[in-house]
Amino acid sequence: MPSQETLVRIAAAPYAGTRARAGLDAALAFAAFGQPPAVLLSGPGVLALPPRQANSSHGTPSLRKVLDSLPLYDIDTLWVCAASLERHGLADLELPAYAARADSALLRRLLSEASAVLSF
Amino acid sequence: MRLHCYSADINATAFDDLRASLEAGDCVLLTGPAVALARPGHPRSDALVDAPATVFALSEDLELYGVNDTDARIARVDYAGWLELALRMRSQVAWY
Amino acid sequence: MRFTLLVLSAPDFGCANRHALRFARAVIDGGHELACVFFQDRGVLTALKDCESAQAEEDLRSAWQGIARDGDADLAVCSASAARFGVADGRRADNILDGFALSGLGDLVMARGDSDRFLTFAD
Amino acid sequence: MRFTLLVLSAPDFGCANRHALRFARAVIDGGHELACVFFQDRGVLTALKDCESAQAEEDLRSAWQGIARDGDADLAVCSASAARFGVADGRRADNILDGFALSGLGDLVMARGDSDRFLTFAD
Amino acid sequence: MRLHCYSADINATAFDDLRASLEAGDCVLLTGPAVALARPGHPRSDALVDAPATVFALSEDLELYGVNDTDARIARVDYAGWLELALRMRSQVAWY
Amino acid sequence: MPSQETLVRIAAAPYAGTRARAGLDAALAFAAFGQPPAVLLSGPGVLALPPRQANSSHGTPSLRKVLDSLPLYDIDTLWVCAASLERHGLADLELPAYAARADSALLRRLLSEASAVLSF
């Protein structure tokens, strides 16, 4: 099944250029064409996870909201690099239900299962 | 009396270069992804707060990155506060 | 073998655009096929008209046009990225270099399914 | 006090262009003067015409034009950088946004000598 | 059997992430500023060469950055060699 | 003397975008207007120092040649961050005669003497 063989890896910091958003756009495009990819946040990409305050009226749209929409597109699991969470002070962050921490063994498995890796 | 504006990844070597360049009286303003350092309990915050400088974080970016609670040793500033810092310090160094 | 290349960097930033160009050339010279070179994010600036190369520096844009000619390759410019970087404005494509074509992310999905190898070029 | 700001980043990359814009606004609102905002390297893409902002995102370019109006400030676009990033082609300036002006590095030197504070915005 | 193309600063945390992701049979291609690692005696070269992967460096960039002598454990490849690696490995990961 | 009070700090990697070159252009402009600045290479910026082989015909012009021209513009000393040299495997590099290693005390002095710092 080619759908499981595409991995979209987002390592770019959110809100600092368009790279992270471009990665999510690509992931959603694969899903829209019936090929939901695996999605991995790593490096500064994990900074897209912390939710803003409910009353935030920040001009820049929240990427967390885009992440929250992934299950609607049959992207069931959002993988998050555990070491990156730790490095960015997010070790204790409560992840959304559709997300899961990936240790380095799991990261290696994700990479080895993919026949195409899109690196954002 | 310098204002160090730091927007790089906290884990970049620029962070070590920043720390090595600080002197008493300097101020550090964290912006962009670097505001993550202001989250309470960040593994690298002691390394900066213990340096001979006062540390600030840009409120707009704290909100952007969802840093809703901040380390009590790091003060929030808005752009008017940034301007104040720039006026008080003699020069500015951008780290990115 | 068929290759798809995803290019996320502009010609004047980093090394990745140059690497992608040379790699595309090696694919053609090696007798393989380029299913698609997909330019997304700042990569779309590759297709921007009216850029001069600095004196004595290589003109990556015209070299890409050579890839389009010699490799019979699709140089696909992501239309969503293009609009925000001032390459075409979503309605007209008159500041896109010859050899490039506006395209959607669906074309990237298709190209990936139609390729044996997929490489990302970014910095 | 008089400020010179050196802006090295494009509006669609990183945070520095936004920071420079907001800081410039704070300078004006604080009753201080902007001697010059000098756009160099990829910063010159700030002056590029025909860019759309993504839906729901802020249009930094038009906000810069507001700074030019309200601050009586020179928005100086480094001509050498402009040519290589496709903003003006060295001969004509017709794809430069209103409010910006092509300029040389000598103007940066002058502005620095004429300012009390100098800040770099880059990422 | 993956080709890891690494062009980031050797001192970036991406380097640690790269190392953690290597498996036996993988190849690493150093490009851009990262070719500095191929200079004999680079302080971080052992960390990569001792990992379970074969390390290469792009000859064009070695020349660009003036890395005239290279670590004997790191092989030079040109673009045809890069193509060979891409054909031999099942997938590619870009680190930057 | 304002000339000594401008510091051009180049931390961008050379040959990876135009940032490092833009910094040298700015330094030369200050010099051309009779205000030679202090120039500092630090971080990946130090990768501009190693000379290419004499017979190199690489398409990208060497920044080392631009550095070599600085003394002609009355930029007498090129400061190079010693820690950065070390980190980039260049601890033993023979510096050109017009360049000098700067330890962290000297770096702090360069920064404190400057009333304007241009950060490339």
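Note that the chains are named A, B, C, D, E and F in the order they appear, and that numbering of residues resets to 1 at the start of each chain.
The definition used in the following text is that a residue touches a chain if its C-beta (ideal position, glycine included) is under 8 Å from a C-beta of that chain, and two chains touch if they have at least 3 such contacts.
Here the structure is a predicted model, which is why all the values come from computation and not from measurement.
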| item | value |
| --- | --- |
| Any chain in contact with subunit A as well as subunit B | D, E |
| Most widely separated chain from subunit B, with each centre as the mean of CA atoms | C |
| Winner on C-beta contact pairs when B-F is weighed against E-F | E-F |
| Most widely separated chain from subunit D, with each centre as the mean of CA atoms | E |
| Inter-chain centre distance, subunit A versus subunit D - centres from mean C-alpha coordinates, in Å | 33 |
| Separation of subunit A from subunit E, taking each centre as the mean of its C-alpha atoms, in whole Å | 26 |
| Centre-of-Cα separation between subunit E and subunit D, whole angstrom | 38 |
| For subunit B, residues contacting two or more additional chains | 7, 9, 11, 13, 32-33, 60-61, 91-94, 96 |
| Residues of subunit A engaged with two or more neighbouring chains | 15-18, 43, 60, 87, 115-117, 119 |
| Multi-partner residues of subunit D (at least 2 other chains) | 12-15, 42, 54, 84, 118, 120, 122-123 |
| Touch relationships between chains, expressed as pairs | A-B, A-C, A-D, A-E, B-D, B-E, B-F, C-D, C-E, C-F, D-F, E-F |
| Contacting residues of subunit D [partner subunit A, same complex] | 12-15, 54, 56-58, 123 |
| Touching residues (chain side subunit A, partner subunit C) in the complex | 2, 6, 17-19, 22, 25-26, 29-30, 32-33, 35, 115-120 |
| Subunit E contact footprint on subunit B (complex, rising order) | 9, 11-13 |
| Contacting residues of subunit A [partner subunit D, same complex] | 15-18, 21, 59-61 |
| Residues of subunit D that touch subunit B when the two form their complex | 1, 3, 14-16, 19, 22-23, 25-27, 29-30, 32, 117-123 |
